[in-house]
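Below, subunit A partners subunit B and then partners subunit C, in two separate complexes.
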Partner chain A sequence: MRGKRLFIAVFLLPPLLLYGIFVVSPYAQAFQISGTNWSGLSPTYEFVGLDNFTRLLGDGYFWTALRHNGLLLVLLPVATILLGLFFASMISVGGRADRVGVHGVRGAGFYRVVYFFPQVLSVAIIGVLWKQMYAPTTGMINGFLRGIGLDGLAVAWLGDPRFAFWCVLAVLVWMNVGFYVVLFSAAMQSIPRDLYEAALLDGANRLTTLVRITVPLVWDTIQVAWVYLAIIAIDGFAIVQIITDGGPGSASDVVGLRLYKTAFADGRFGYASAIGVAMFFLTLTVAVMFLRVTRRERVEL
Partner chain B sequence: MTYGISRRGLLQGAAGVAAVSALGGCAMGGGDDATDSGSKGEVTANNPLGVKADAPLEVVIFNGGFGEEYAKAHEAMYKQRYPEAEIKHSATQQIAETLQPRFVAGDPPDVVDNSGGSQIDFNGLVSQGALTDLGELLDAPSLDDPSKKVRDTLLPGIVDVGSYDGKFLTLNYAYSAYGIWYSQKLFDAKGWAYPKTWPEMIALCKKIKAAGIAPWAYTGVHARYMSWPILTAAAKFGGIEVIKAIDNLEPGAWKSDAVRAAAEAYYQLAVDGFVQPGAEGMDHIQAQTEWARGHAAFISCGSWLENEMKAVTPPDFAMAVAPTPSLTTGDKMPYEAFRGTGSEPFIVPAKGKNVRGGMEYLRVMLSKKAAADFTTKVSSLTAVTGAAQGLTLGPGLTSVTRLIEASGGSAFTWLYSTYYRKLERERVNAATLELLTKRINAAQWCDKVQKSADEFAADPAVKKYKRA
Partner chain C sequence: MTAVLTPVAAETVEEAASPSPRRTFSVFSHAFLIGWALLTTLPLVWAVLSSFKSDNEILTSPWGLPSEVRWENWVRAWGEAHIGRYFLNSAVVVTGALTLTMLFGAMAAYVLARYQFRGRRIVYFAFVGGMMFPVFLALVPLFFVVRNLGLLGTLPGLTLVYAAYSLPFTVFFLTAFFRTLPTSVAEAAMVDGCGHFGLFFRVMLPMARPGLVSVAIFNFLFQWNQYILPLVLMQGAGAENKWVLAQGLAALAVNEGYQGDFSGLFAGMTIAMLPVLIAYLIFHRQFQSGLSAGQLR
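Moving on, here comes the complex of A and B:
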C-alpha cells in the first residue's frame, strides 16, 4: 500500500507544485496586495487594512460593472443553454422518424461544423469582427437593415447606452453557443434511440420529447454547462474590452475590465487586487450555488 | 480499496500551499535599490552629461502610430557617439504590462517612450519618484550648437507639459497642434471659407448640410476629442486662467462662464443636427475614415491625423488644419491661438542602470539631425525648434507649420489630462458623448465634469499637482 501511495505521490507532486506556484500563489498574493496601497510601480507600499474594500463599497463605477456581470450571469447561461439544447436536439434527434429511425434534421453534419465555427476563432478576432459588424455606417448589421428598408432601425449600436450592453451579450451568446451544441449533441448520442422511437409511437411531438426525454437525460451536462457559462459571465473582460471598452460611459462595463483599468491605467494595484478578491468570492459563491441548485437525482438508464 | 481526497481536504491543502508561497516569492518584489552611481563617466565638453562610454543602454519604444524605425535611427546616432556602448532596443504596444514588473523589481530600462493606450500612469510614476529629473539635460549644451542650452532649442510648451511641481520629468518629443481639420480641396470646390467666428461656423454648417455633407464628424468612442475644441474655445474666450483653474482642480472651474459658453456652442452642433448621424458608435479610425472619404466636412484632431490616415486619404484631399473659431469678437485670445503641446513622452527611469546614457540619448534625439529624421520618417513635428525647415512636408503638416507661424507664440495647452489622466480618458470622455448625443445639455455637461473633477480633488490616493 505504501509503495502505491509513493508511486501516486511522485506523479502528483510536480503538477501540484506548478499549480501552487502559478495558480494558487498569485491568488494568495492578491489577497495580500488588496490590503495595501501598492501602485505597482515600485517595491514600496503601505498596509492600509480594509481601506480598499471600504472604497469598493462606495464606488459607483464598480457597482455599475457588477450589475452588468449580474445581468450576464442571469441571461448568458439561460440563453446559451436554451439555444444550445435546441440546436443540439435538432441536429441529433430533430428529424422526422422514418425507416432508418430517429436522426437529426437534413444537413445536420453541416450545421454541426457551422455552429462550432466561432470556437475556432480567437476572442480578439471575434471582438474585432463584431465591432466592424456593429459599425454605424459601414457595418453589416445596419447595411442589412437598410437593405430591407428598415432604415429607422439602423442605429449606432455601440454608441448608444441603451444597446451597447445587449450587443455585447449577443456576441457572448454567439461565440459560446457552438461549444454547447457540440457538448449537448455528444451527450444526446448516448441516449438510447428506442426511447425516442417509443415516444414517437406514443405521439409525442418534438417539444415534448425535448422536455421530457432529452433534457432529463443530459441534465448532468447542462449542469456543467451552467457553471462554465456562469464563470464566463462573471469574467467577460476580453470581449467587452475589444468591442466597447466598457462604453459608452460605463454602459457595458464589467468587473474584470474595471480591475484591469484600475491596475494598468490608474496604477492602483492594491485597489485592483481588492476588486479581484471580491471577484474571487463572487465566482466561488456562484459556482457553489449553481451546483447546489441544480443538484438532482441522477436518472439511471 | 479506494480512497478519495475530500473537497475539504483539498481546500486545506491549497490553503497551506498558498500560505507557504505568500511567504516566498512575491509580486511586489524586494527593496532592491539600484543606483547609477557606478555608471558616471568623465564630464568633458563633448560629454557634458558624463556618460560612461561603454555603459550599455536599453531603449523601449511604444510601437504605435510612429512605429519603431525612427528609434533605430536615433540609436544608431547614439552608437556613433559611443561606439563601445551596446544598445538594446525593444518595441511594444503594451508599455504598462511589459514594464510594470521591471519598475517593481528596480530594473527598468534606461529610456522609455511611455505612450499609447497602455501608457504607465504618470501620476503613479511621479508620486513614486520613479523618474529622473531631466533638469540637467535642459541645461546641457545642445548637440548642434554648444553655446546654446538644450532648453533654448525646445518649442514653447514642451517644458511646461513635461513638468510636475517644477521638475522636468518627461520629454514630449513629438509636437502636436490640435485644431479643426478640413479638406482644402472640398472647400475650394464649394467656395467655402473656413469660419473665424462661431456664428460664421453655424452659418457655414447650414450650407454644408444643404450640400448633402455632414458638417462634423467625431469619434463617439473617444468623444474626448471633442472636448479639445470646447476647452480651446473656452480658453480663447476667457483667457488661460480658465484652463489653469481646471488644471489645479479648483472648485467650479468647469462651471466658469467661459467653459459653459464654449460647451453651449458645441452643443448647438448636436441640436442643429450638424454632427454626422451614427458618429456616436464610431471609433477614431472609423470616424476619421468617414471624414477622409468626404462624408463630413470638419473633424477635431491633432497633427498626427495625416500620418494616421495616410492609407485612406485620397491623394488630392489637401488636408488642412485651422484654429477653433472664436466664440465672440471680444475673446481674450486672438483667433490664431491654438492648443499646441508635446506628445510621445520619453522618460528616463530613476532606477535605470544608465541614467546618464538615457539623458544623453534624449540629447541626441533633440539634435536637429535626429529631429529632422523623425519628421521625415513619421510625418510629425518634433519638440525641436526649426528642425522641419527645408524638409518636404505633406499638405497636412505644412498647414500645421503655417498654423504655428500664424499664432505668433500664442499656443497654449492644459495639463489636467496628464496630471489626472483618468479624468479626461474616462469622465470627460463619457460626458462629452452624452453632450453630443443630446442626452445632456451644456450646463449639465459642466456639472457632470465638475463633479468628477471634485472626486479627484477629494481623493487622497491621487497626488495633486499645481500649475503656476
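Moving on, here comes the complex of A and C:
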C-alpha cells in the first residue's frame, strides 16, 4: 500500500506544482490585482475597491472595443456556421443521387484538405499575410481590382475607419470556416443515407433537406461550434493587433487589445486586470447564455 | 468525443458517371466549392510567389509572376532578418514544452483515471477548470510570476508556461482516454509482478498511443502557433534574440514596412508557413482529428 501512495504522489505533484505556479496562481491573483491601483513601476499599491470597475463603466475606449467584440460575437458565428454548413452539406451529401444513393461530391477529400489550410497556420502568419493582402499599392486585393478595371474600388482598406473592422471580420471568417466544414461534414457522415433518399423521393429540394434533415441532426455540433466561435470572437487579439493594431483611431479595437495596451504600454496593471475580470465574466455569461438558448430536443435516430 | 477521434471516413465511393437531371446543380455547387478553395489557397500561393520577386516587381505588379527565382530573398530572411534564429527558438521551446506536457499530462491523467484516493475529484476539477478561463485574465499576474522567478525573456520560462497552459486540456482528454483502457491487462501485469511505475511506462503508455498522438498534435499546433504568451513574456533587454517565430514574423512585418524589404518579408512568411503546411499535407487525417478532438472540449 505504501508503494501506491508514493506512486500517486510522485506522479501528481510535479504536474500540480507546474500548474499551480503558472496557471492557478495568476488566475487567482488577477481578481486581487483588479482591486488595486498598481502601476507596476512602484512596488507599492493601494486597494481601491471597485474603483477600477466604475471607471471601466465610463471608459469610452473600453465601450468602443466592447461594441466591436459584441459585433464579432453576433456576426462571426453566424457567417462561419452558415458557410460551414453550406460547404459541408455540399461536400457530404451534395453529390447526385443515383442508384447507389446520396453521397458527397467528387473531390470531397480534396476540399476537406484544402479548406483546412488556414487552421494549421499560426495567427501571426495569417495576420501578416492579410495585412499584405489589404496593402493599398502592393496588395493582392487592390491588384486584382485594378487588373479588372475597377480602379475606383481600390481603396486603402485598413487605413479607412469605415472598412478596417470589416476587413478584420473577413479574415476571422476566412481562417475559421475550414475547421467547421470538417467538423460538420464529420457529423454529417453519421446521418443515415436513406433519410435523404426518402426525402428526395418525397420531392424535397436541397434547401428543404438541409433545413429539415441535416441541421436538426447535427444540432449538437452546431451548438458546440457556436460556443467555440463566441470564445474566438471575445478574443480576436492577435489578428487585430497585427493587421490594424486597433486602428485607424479605435475603429477596430477589441477588449483583448485594450487590456494588452493598458498593461504593457501604459503600465496600468490594476486597471488592466479589471478589464481581464470583465472579459472573464463576459466569456462565462456568453457560454451559459448560448447553451441555454440553443438547447433543443435531441433528435434520436 | 471519441466519435471525432476516429479518423475521417475514407473517401466515399465516387459515383458512377451517369448523366442525370441534377447535373446543373452539380455544376453550380462545384462553382461555390472551387471558389472557396481558391480563396483559401490563392493568398498562400501569392505569398510563396512574392517571396521570389524583387521589391520592384512587388511594387509594380502585385499579380505578376516573378521574373526569376530569387533564393537570395530566403537567405536574407533566414539570416539578416533572423527568421532562422526565431525558427530555432520556436523548435527548442515547443520540443521541450511538448515533451513536458505529454509526460506530466499523461502522469496526472493516469493517476486520476485509475487510482482512488482522497481529493481526487478536487484535483481533477482544478485541472479541467483551467479550460474555462480566458488567458487574458492571467496575463498581468503571469508576467510578474515569470519575472519574479527570473524567467522573463528566457526560453526555459516560455517552455514551462506553454506546458502549464497545455495541461488542462491534456489532462481532461487523457483521463477520459485512460478510463477506456481495459483493466484486465493491467491486472495481469500486476499478477506477473509489475510495479506501479512499470505498469505505467511498459503497459499503459503503449496502449494509450492513439490518444497520445491526437493530443500531441493538438498541443503542437497550440504551442507552435502561440502569439499572446510570447508577446507578453519575451520582453526586456536582449529578449529579441529569444523571440519565437510568430512573434519575430509579426515584428518583421512592422519593420520591413518601414524599410521596404517586401521580398524579405514574404520570404520570411513562406519559411514560417511551409514546414507546418507540408507536415499537414502528409498527415492531414491525424491533424484534422487531433484538432477536432482539441476544439470539441
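Here is the rule we go by: the second predicted complex is superposed on the first by the 273 of 301 C-alpha atoms of A that agree within 3 Å, B and C clash if a C-alpha of one lies under 4 Å from a C-alpha of the other, contacts with A are read in each partner's own complex, and residues count from 1 in each chain.
Note that in this section contacts are C-beta pairs under 8 Å (C-beta built on N, C-alpha and C of every residue); 3 or more make two chains touch, one makes a residue touch a chain.
What you see is a predicted model, and the numbers here were worked out from it, not measured in a lab.
Visitor: When the two structures are superposed on subunit A, do subunit B and subunit C clash or fit side by side?
Guide: After superposition on subunit A, subunit B vs subunit C: clash.
Visitor: Identify which of subunit B and subunit C touches the larger number of residues of subunit A.
Guide: Per-residue touch count on subunit A favours C.
Visitor: Taking the superposition as given, does A:162 touch the first partner, subunit B, the second, subunit C, both, or neither?
Guide: neither
Visitor: What is the contact status of A:33 with respect to subunit B (first) and subunit C (second): first, second, both, or neither?
Guide: Both partners, subunit B and subunit C.
Visitor: Is A:134 contacted by the first partner subunit B, the second partner subunit C, both or neither?
Guide: Once the two structures are laid over each other on A, A:134 reaches subunit B alone.
Visitor: Which of the two partners, first being subunit B and second being subunit C, lies in contact with A:212: first, second, both, or neither?
Guide: neither
Visitor: Is A:21 touching the first partner subunit B, the second partner subunit C, both, or neither of them?
Guide: After superposing on A, A:21 lies in contact with both subunit B and subunit C.
Visitor: Thinking of the overlay built on chain A, is A:45 touched by subunit B (first), by subunit C (second), by both, or by neither?
Guide: Only subunit B is touched by A:45; subunit C is not.
Visitor: Identify the partner contact of A:267: answer first if only subunit B is touched, second if only subunit C is, both if each is, neither if none is.
Guide: It touches subunit B, and subunit C stays clear.
Visitor: Classify the contacts of A:111 with the two partner chains as first (subunit B alone), second (subunit C alone), both, or neither.
Guide: Only subunit C is touched by A:111; subunit B is not.
Visitor: Pick out the shared contact residues on subunit A: the ones touching subunit B in one complex and subunit C in the other.
Guide: Common to the two interfaces on subunit A: residues 16, 21, 24-27, 29, 33, 131, 137-138, 142, 264.
Visitor: Please give the residue numbers of subunit C that touch subunit A in the complex, ascending.
Guide: Within the complex, subunit C contacts subunit A at residues 3-4, 8-9, 11-16, 18, 20, 22-23, 25-26, 29-30, 32-33, 36-37, 39-44, 46-47, 50, 58-59, 61-63, 100, 104-105, 107-108, 110-112, 115, 117, 123, 126-127, 130, 132-134, 136-143, 145-146, 149, 160-161, 163-165, 167-168, 171, 195-197, 200, 221, 224-228, 231-232, 235, 245-247, 249-250, 252-253, 262, 265-266, 269, 272-273, 276-277, 280-281, 284, 287-288, 291-292, 295-296.
Visitor: Residues of subunit B touching subunit A in their complex?
Guide: 1, 14, 17-22, 24-32, 96-97, 100, 103-106, 118, 120-121, 123-125, 127-130, 220-221, 223, 277-283, 286, 290, 295, 421-422, 425-426, 429-430, 433-434, 437, 439, 461
Visitor: Which subunit A residues qualify as touching subunit C in the complex?
Guide: So the residues of subunit A in touch with subunit C come to 3-5, 7-8, 11-12, 14-16, 18-19, 21-27, 29-30, 33, 83, 86-87, 90-91, 94-100, 103-125, 127-133, 137-140, 142-144, 147, 174, 177-179, 182-183, 185-186, 189-190, 206, 224, 228, 231, 234-235, 237-238, 241-242, 256, 259-260, 263-264, 269, 272-273, 275-277, 279-280, 283-284, 287.
Visitor: Enumerate the contact residues on subunit A facing subunit B in the complex.
Guide: Those residues of subunit A that touch subunit B are 1, 16, 20-21, 24-29, 31-33, 36-45, 131, 134-138, 142, 154-161, 245, 247-250, 261, 264-268, 271.
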